[in-house]
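Pasting in a structure now, in structure tokens, and then I'll have a few things to ask.
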């Protein structure tokens, strides 16, 4: 690949996928393939070797692999001036520091986006909830998932509750009003940093969350419904399109939705 | 009043209200007044004496008084051949038996309707939920109320859960699927006869309930929202219009919504 | 198969599937296979010949084929004393009459269920909406589907509106209150027999419908969400389990949800 | 009133209300009275004369009067160094320019907030919808109001649609996908700058709006419900508490929710 290729404003972005035969990776391959402004140039999985991505001129690599190989993959990309969008889990503070170190010594213009959640709707829901938190005296969260889920409440609901609790504390708000005197245990939900969270489990559901805000005479509801793992694809593609404009390390899709 | 008046099919039904200056009674007066096929002939409260209702030719009396006077009021109505629609609370099995005894010895055609809940939407919600219960492997209830409410879950939610549990048992259904292994206490709600019930308390809310049913690939939701005590008026008026066609004692609005 | 097998109360129902390699038929095979009280004994498609179903001792056949072969299939089943659950389309009044004629001459105990819609949630939604119609002065329908749908509103929404309109007419109700004076064309939806129906089309949606009822101070909402064609399977299985208890012709899943 | 009183950080803000016997003004009086950090020092209506507000040491005036007197009221406040929160309608560009002119010549620290809508939930809904617009290929609006409303869709829904249309245009987005070929007229709603808007009218409803966003495999819904004109009070009080920190003219509650 020449610099001309890499910087061509007119051509599609050349994308490689690591973990291309996994469930998420396979969806990424399909989504990249279907997008007019992106070109899938390398679909790589265990046993393939990474060099195919460089030979094919990948400008951005999407990594949905495993914690034990992702650091080597990232090092390899950064050394070659290839930007990366990473959905693989297992990033500790120490790991993030190492990635930052590699990026400081890399050629300029290399960006890495590491995101725990590529659902644009979920990320916007959290942003909006954080903003609304200080204007409503009451707030509760209801999350609804399929009955095979092991934890209750969901990680997204817990994270949303913590963001709301922080925003309320920063605005000097006290606890939400609640006169409950007689409660059948559990009726009022789980208490996550003072925010009540209710977890519904039902056949026929996939992944849904509602944040309910209330003040005198009005309520505001923010609801997000995911039906499929393909719901993460618009977020992954947004990352692919944006990562080269954000040199260095970016953590969370949140930063791209400003 | 002559028999002709009472039986006239063309004229409006002549209605008296006992407890007319109470919150509910005052709303009943307004609602009767606004209905073309009803005529408010007597609005009676503490200190007025009941005889005004007989003198005014009331055919149906609506009673929203207190447990300590309602039995005397009912006896008085039944003795005079006046039908009654009763929203006053405090009816034990023994009290209901006494009312039945009076009705057996009364002139034919006298009906008494005693209902704990005149919300047509709430009663239909419970009927529909009972019917749907046996076709969906999963069911949960979310009720949402203003934050001044003392009990959680609400009486209506608890009653709905019990009706659903009975319908599931009658259909030989086992527990709803739920793989939860790690639960922050309360996240999965209260367990009412095996049905999970979640209670939300928020400023800006009045009285709301959702029953969520789920099976493979689909969900069915029945939701009821009350904004005001005037929401009971259509049920009270339905009672007034129907009670004379139901001689004897009728318990619950349910029986009128067949 | 002996009579003993056929009538055995303890054993699973022996099921054959016609159209077994089609999208719906394949799902039926999977669903029958997964049910403890059913046994998939024959999966038959174009070119296989029907006799395999008789040889395998099928007690009930599920037919998801095409209008040009379904009549021959049904005749074959009825002649052999095999009951049938039919999701194939194209049944005219004349065709239904011919099926009735065959059933009259068949061995007793043969049942045929022909249903245009096996979604239990959708069928219950229509039943509940029909019942609620007479108690609420206002009613509107909102249906929401994926953006590839060609017609607006959906067939289910149109059918629901007609059932509601009939129930309102039977109860002597006039039009719903509506003071609209200035309307941007289309804002108030389509008028289906006097019931307003709104059709939303959006990426990320599958098939959803809400029926909104309103009266003084309260609303009642019935909502159904389908995520997948597997949502029809509980209805198909209900048909398989019930059809032999309903000798003769049954039209619509509705009759089984009484 | 001394400067000390006016600037005292510890004491409550001294509030006067113009139009205090009108529906909105009376609610404002109640809300100010109930707030610990505000003190109602003057409740003024037609015939009372404005001077009572100055004599009582009002620091902020809330004006819910009529277009024919509001300009004189504002001039009077600004001349006396009293800030104002204005819900009265009828502000043209020419009127706003005159207010700006008065403020330039006033003592420093006088602020005027003129807002067409004091519903915090509605304003946040519009902000969030504008932000989400560029990330979802599909968007539609459903607004639901009581049946006495004269226009369809509502002003808020129309305004929301225009904000969304502008945000989509700015992001270079084309029309939302929609394959509809056969439409019963009106089913797909009103077209407001390319955004479909559906207006439901029903007894039992007050004022509700949903903005539905959809993309591959997920939807995001922002919903606002108002039950009462008291729903405007938190917005009015936010204005009262903020207006003195914003010298000059501020238009719209939006600016305070940044």
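Letters A, B, C and D name the chains as they come in the text, with residue numbers starting at 1 for each one.
What we mean here is this: contacts are C-beta pairs under 8 Å (C-beta built on N, C-alpha and C of every residue); 3 or more make two chains touch, one makes a residue touch a chain.
All values reported here derive from a predicted model rather than from experimental measurement.
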| item | value |
| --- | --- |
| If a chain touches chain A and chain B alike, it appears here | C, D |
| Chain whose average C-alpha position is farthest from chain D's own | C |
| Between A-D and B-D, the pair joined by more C-beta contacts | A-D |
| Centroid distance [mean C-alpha coordinates] between chain D and chain C, Å | 48 |
| Separation of mean Cα positions, chain D and chain B [Å, integer] | 39 |
| Separation of mean Cα positions, chain D and chain A [Å, integer] | 34 |
| Where chain C touches two or more other chains, by residue | 136, 204, 213, 215-219, 225, 227, 231 |
| Residues of chain B defined as touching chain D within the complex | 204, 206, 225, 227, 231 |
| In the complex with chain B, residue positions of chain C that touch it | 31, 119-121, 124-125, 127-128, 131-132, 135-136, 213, 215-234, 238, 257 |
| Interfacial residue positions of chain D with respect to chain C in the complex | 136-140, 142, 144, 147-153, 158, 176-192, 196-205, 212-219 |
